[in-house]
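In structure tokens below, several structures.
Below are two complexes that have chain A in common, paired first with chain B and then with chain C.
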Partner chain A sequence: MTTLIEPETTSAPPIHERNAWEWIKHNLFPNWWSGLVTIVLLPILLYMAYRALRFFFVTGQWEAVEVNLALFMQGTFPRDEQWRLIAQILTFALAFGIGAGTASASARDRAEDASLAHERGSLTDTLKRMWSMIAFIVLLLVFATTHDPGSPISPFLVVFGAVLAGYVGYQARRLPRRLRNLGWLLTLVLLVVGFQVVSGFDSGGWLPLGIILGSAAYSVVPVERFESRWLRLLVRLAAAAVVVLVIRAVYGAIDSTGIGWDEWSGLHLTLLVSAIAIVLAFPLGLLLALARRSTLPALRYMSTVYIEVIRGVPLITLLFMGQFIIGFMVPAGTELSDVTRAIVAMTAFAAAYIAEIVRGGLQALPSGQTEAGQALGLAPPTIMRRIVLPQALRAVIPAMVGQFISLFKDSSLLFIIGIVEFLGVRRIIHAQEAFRGVGIAETLVFVALGYWAFAFAMSRESQRLERRLRVSR
Partner chain B sequence: MTTTRERDLARPPLWRDVRVLRVLGQVGAVLVVFLIFRWLVGNLLTNLSRLGISTSFDFLFGPTNFQIPYASEFNPRAEVWQATLVGVKNTFLAGFFGIILASVVGLIVGVSRLSENWLVSRIATVYVEFFRNIPPLVVIIFFGAAVFTNGPFPLLRESWELNWFGTDNAFLLINNDRWGVPGFAGTGELGLFWLIVGIGVVVGAVVWRWRTKAFDATGQPHHRVLWFLGVVVAFFVVGYLATGQPFEMSWPALSENRRRIDGGFEVNWGFMSVTIALGLYTASHIGEILRGSILAVHTGQSEAANALALTAFQRYRFVVLPQAMRIALPPTINQYLNLVKNTSLGTAVGFADLTAFTKTSIGNGRPAFQSILIMMAIYLSFSLVISLILNILNRRLQLVTR
Partner chain C sequence: MTTDQTGQQFADATQAKGEALIELTDVDKFFGDFQALKDINMNVGKQEVVVVIGPSGSGKSTLIRCINRLEKHDRGTILVDGIELSEDIRNIQEIRRETGMVFQQFNLFPHLTVLDNIALAPRQVRREPKDEAEKTAMELLERVGIPEQARKYPGQLSGGQQQRVAIARSLAMKPKVMLFDEPTSALDPEMIKEVLDVMVELAEGGMTMICVTHEMGFARAVADRVVFMADGQIVEVGTPEHFFTNPQEERTKLFLSQIL
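The block that comes next holds the complex of A and B.
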């Protein structure tokens, strides 16, 4: 009675390759009522697909979009300063390339440290994640060529240049490991430079680079040979100050004004205004979250009131506040442009939401982490800075991307207060003689596709980050 | 000796004493916030008084002096606070119907995404991924500009009339401006009638409790929903007959000059755009929440239900859904809150909600600061009431753990 199973005879269950017929039976007609639903839905779906395709290829009056493509992209941006936009696209592409390359390389480093196999995401995976954006760019190129066959080359050149810059930047992953922080630094610097290519390197614009490079100098200056703690701090501060002063001097020497954000419009404004708002809102939101988690009741109450009030009202009321009130809240004589006031309102709005996200990250961190820090005798600020925040902020990155998507979508509200962003361009277009009441649905569909392409790609990215963070836990 | 050491430990120098630092930190923070606030408000008050703009709320009791769109019963001579209430009513109505639409569509979408039918789940996925990733304002403007005003619908004076089967009464008037649907017109003792129905609801609640107690005591099926509805309907019918038929159906019809809709209930294009657009937009979020919540119920629960030989319906109704609801409720109510806040976007399609009213009011020379403060306070109270309800529900639904 030996019924022992021989090792050779065991094998994985056979993988049953379904043929098309079985697939249809299993997925479309699993039981009678589900089959009925399929039978009812299929013709409706086919008809709708037919109507949609007809709209896209036959009946749609896409001239309204084609003729005004540049207006959608850059709005009323001065046309003879267009090189700034192209330079910005290329710089940002380079920055994103370097950032992606460095991120990929540091993931590899971490895997090496943990002696785990590291699998680099393939190019096809990235393209699959980004397919909506790629499709949108292709759509733009198609529109660009159908309308103006005379000079179809420049949009292609820009896209090609951006891809090339991104590829070159991505080679940062080949940098030796000790230069990893240089990669991050370069990304930040290029983002600032790319921003200022358009807004201009005027003498007042030294602050962002000053902060970035100054704090870089603060942390890299070699101070090991100094015994005294105070001396070390002094040397660090001196190095930072020297760097900041040099940057100030450089900016003072260049001092070339560009095109400020008051003159931006179209998709360019939409993308940048949400990015600016989220960047400005982050420090504020972080402070609010820390205050709300603080053991000091006064801080906690003030932060709670701010967060709950802001989250309890619609963004549009804050934008009205910006439009009608903020101008009065600064000393008489200070002129704030429409876009500036909108950015102030959006920043105040986003800060409350970011605060709640960061608070979620802080709360999710096991209290053992803090306790371990206390057991090591670290001071509370050090525990916060060295133990709690790095983990908490890493954990909330996907939610932050989600908040950015939401702010990106909400930036369409600037249309209501009369700022010409991506959606607001439509107002200009349909005021033109040729397109009064023509192509209304078409321009709307185009705008919706534009928003969708960016938001969808970003949400895919945030899902991937979420999965990766969960795995690396 | 030890006592002195303990005292030394207990009293560190002042600048390292946590208690002192805590107090100082709070005082400092309050002071900083106060100074910033004072600077802002001080600037505001100086600037306003320099420009001679009023900072009082007296304007609320002055005449409105402009007509609110699609509110023909509103008299422009009425005071501003009454006009504000019309805006609040419109915001509330759009939020209410939007929430109903979003819940129904969201439920369908959420369940469809889990369907084993490939076609159904695919359609639901496309729906969710599309609507979640475009701004609600674009959806609203699409319905307002592309569907209603520039869409396939005729002008008001050429409205399509859909007649109730075999009668001359139109139950739907369709055009690009305002649709007419049947409504009710009061003819007599409406107040008394509603009082009777109200009593019916109270009695129904009592019966509900009685059935619940009977169920707890005996384990007999309670059928409390049926009981409740039965009681209310009975009171409704009795009240209707007793007060001598206090209302009758009112059918919508174009007026003589074909510029108005008489009778029935009219819904304007702004309201429809906001409600439908926000309903569809929010449904994509609610669908995802419901799907996630159903998936979050432990599979062991379904397996246990199967082991008890419950039918698929019973498994969903008594095992899975009650637990999924507990998970889904807080985020769903958050979405409702977002929907109510998003009705403010109706301004873009001429929907006369609170925001649009405030905007027009400021445009008509009403002081901006006070108007916006009032608007924010109203939205804030909406939000606070909804989150209060959420907290109460949450407390009742929480698992009782030992």
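The block that comes next holds the complex of A and C.
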């Protein structure tokens, strides 16, 4: 991973090495009342730390977690279809690797162009951002070895494979500049494929790849030699249509059903549901924010009403309503699974908040930016797309990631409407004879650690993104 | 010089020599109850350089911002190259493409490189191919003297360099008239000259320009006419030499005594 940094011009101030005694004096006993606070608090903190460590390593009854590790991870996912999950992990690892490699390469190019100092991201850098997730994975491996889940494939092998796939993918940073968009395209395609490895490549599943590859075809087909604008548009649309039809045909030919998300559970469901809700809520929120600032009153009022209503209602209410009310809003006879309804509710909820965040970013942009665009004779949509949005969205990355993190954590509410996600697995575990009333705190701590590991990594990633984009502000 | 003669000279100076590119007739502009422009009548001829001066709040910026419809005038007519400003967005955009504008705060796009800042409008508005637009952008950067900064971001440049990029950005649309809204007011003193040099060169190259500025040296050197505004009205118009050496109105004399 790479970052852009401002060139270092000043030399570092002299460092005064403090010995331990000075440190204690400076930080713990700077004056009499701080010293008193230290004397009172220190034993209490030490005692709490002792109890916590004792719980972790001595008294904790971790069998409840160890025995049910597979349940936590994949829930009630059919065990004989487990290869799908492994294939998904490997595909996603490859996709993330390619994405990270491509992002790194384009950051490097931009830094070189602008003759900014460019710091090649090191392994320590990556570890600093990802340590919470790495620690969690190590914890999983420790649990997995202390209790053999009888899985035919060693978890070590899967983790090793994922790291390898990620590393291979990361080599995308070596691709020449003109292939940069190919890297992004590959990332998107692999994400979809990784999803469908589990959900199946049935004939109806052509849509996501159709959109991605169709738009790719639309933008890469060479049209320069056509003079007429309409002819160019026609050729582009034709190319997109051909690609979409081919993809449709391929899916129709494969037509193999997999395990739909109604049958997913555990951490697997939590991660996927959050990811899908985030991916859908972002464009929806963006449109709502634009609608709320629109000059068309009807659009503005509709958006405002939507945002204010949704923001005034707790998510759990929306989730319950989703279970009962969405049924009235879709054509009769449409079957919607509980998970689909939950995703709809979560997306609707998050979109309202994202809309407000984006609106904040739009308002913070100095009016001179729009005026400069207007003065150049740019059309309003172009000003929005090329000038306003890129800056407004950059400015709200921290708030947006915060919203994503809370959406991820809020997915635990699905447990209340009877969907067995990461937290909900506990209910199954403690319904078992062996663990009735046993290890309740332990499973809770484990789940909390799991959420924290991902949330913390997301937060760190957003900090890095912020740093990287600061230069071109 | 008799009063009659100066009066005659003054009357002549209110009109552009030759064909008018910009014509404002009886223009009024209100911000709520406050009247920012009162009964403005003014024209600017082809290749003419008009400098607008006046105390702050006198409506100078509002005046030139009305010409490319960054502000909407409430009464009167504004003609730019024969096109009358109306509500029609296409009409407004057509006029904006003919007028370049340079702002006090530069208003460069901070998320784009210098080159992209300049090439954006030609690519988006005129659909120029990328390499062609970038080639023109490089030529313009050479013209304003900073081709080596092409791949940098505006935030890495000094104020003077940024303003020169802003000028190049406006020129990329090949405007018929350039509007300058206090282009040097936000600059540190040592950077003012490099921007003025570019503007002088532009004026000498025959560009039609309207400049709101406090740079009296610039006004003296290149202006064909100086327009003095106060309280939303045009108080006095004259050639620079007439204007600075023999102002007619009390208000003008007061202002000049304060700044010179």
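In this text, the second predicted complex is superposed on the first by the 448 of 473 C-alpha atoms of A that agree within 3 Å, B and C clash if a C-alpha of one lies under 4 Å from a C-alpha of the other, contacts with A are read in each partner's own complex, and residues count from 1 in each chain.
Just so we're on the same page, a residue touches a chain if its C-beta (ideal position, glycine included) is under 8 Å from a C-beta of that chain, and two chains touch if they have at least 3 such contacts.
A quick note: this is a predicted structure, and the numbers were derived from the prediction, not measured.
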| item | value |
| --- | --- |
| Greater chain A contact set [chain C / chain B] | B |
| First (chain B), second (chain C), both or neither touched by A:375 | second |
| Which of chain B and chain C A:224 touches, first, second, both or neither | second |
| Which superposed partner A:325 touches (first chain B, second chain C, both, neither) | first |
| Partner chain in contact with A:96 - chain B first, chain C second, else both or neither | neither |
| First, second, both or neither for A:349, with chain B first and chain C second | neither |
| First, second, both or neither for A:143, with chain B first and chain C second | neither |
| Chain B versus chain C as contact partner of A:455, first or second or both or neither | first |
| Touching partner for A:405 - first (chain B), second (chain C), both, neither | first |
| Partner chain(s) touched by A:316 [first = chain B, second = chain C, both, neither] | first |
| Of chain C, residues touching chain A in the complex | 68-70, 89, 93-94, 96-97, 99-101, 103, 105, 107-111, 113, 120-121, 124-125, 129, 151-153, 155-156, 169-170, 173 |
| Chain A partner contacts - residues on chain B that touch it in the complex | 22, 25-27, 29-30, 33, 40-41, 43-44, 46-48, 50, 115-120, 123, 129-130, 132-139, 141-142, 145-146, 150, 341-342, 344-345, 347-348, 355, 358-359, 362, 368-369, 372, 375-376, 379-380, 382-384 |
| Chain A to chain B touching residues, read off their complex | 27-28, 30, 34, 37-38, 41-42, 45, 291, 295-299, 302, 309, 311-317, 320-321, 324-325, 328-332, 405, 409-410, 412-413, 415-416, 423, 437, 440-441, 444-445, 447-448, 451-452, 455-456, 459 |
| Chain A - residues contacting chain C, complex | 113-116, 224, 366, 368-369, 371-372, 374-380, 382, 386-387, 390-391, 394, 471-473 |
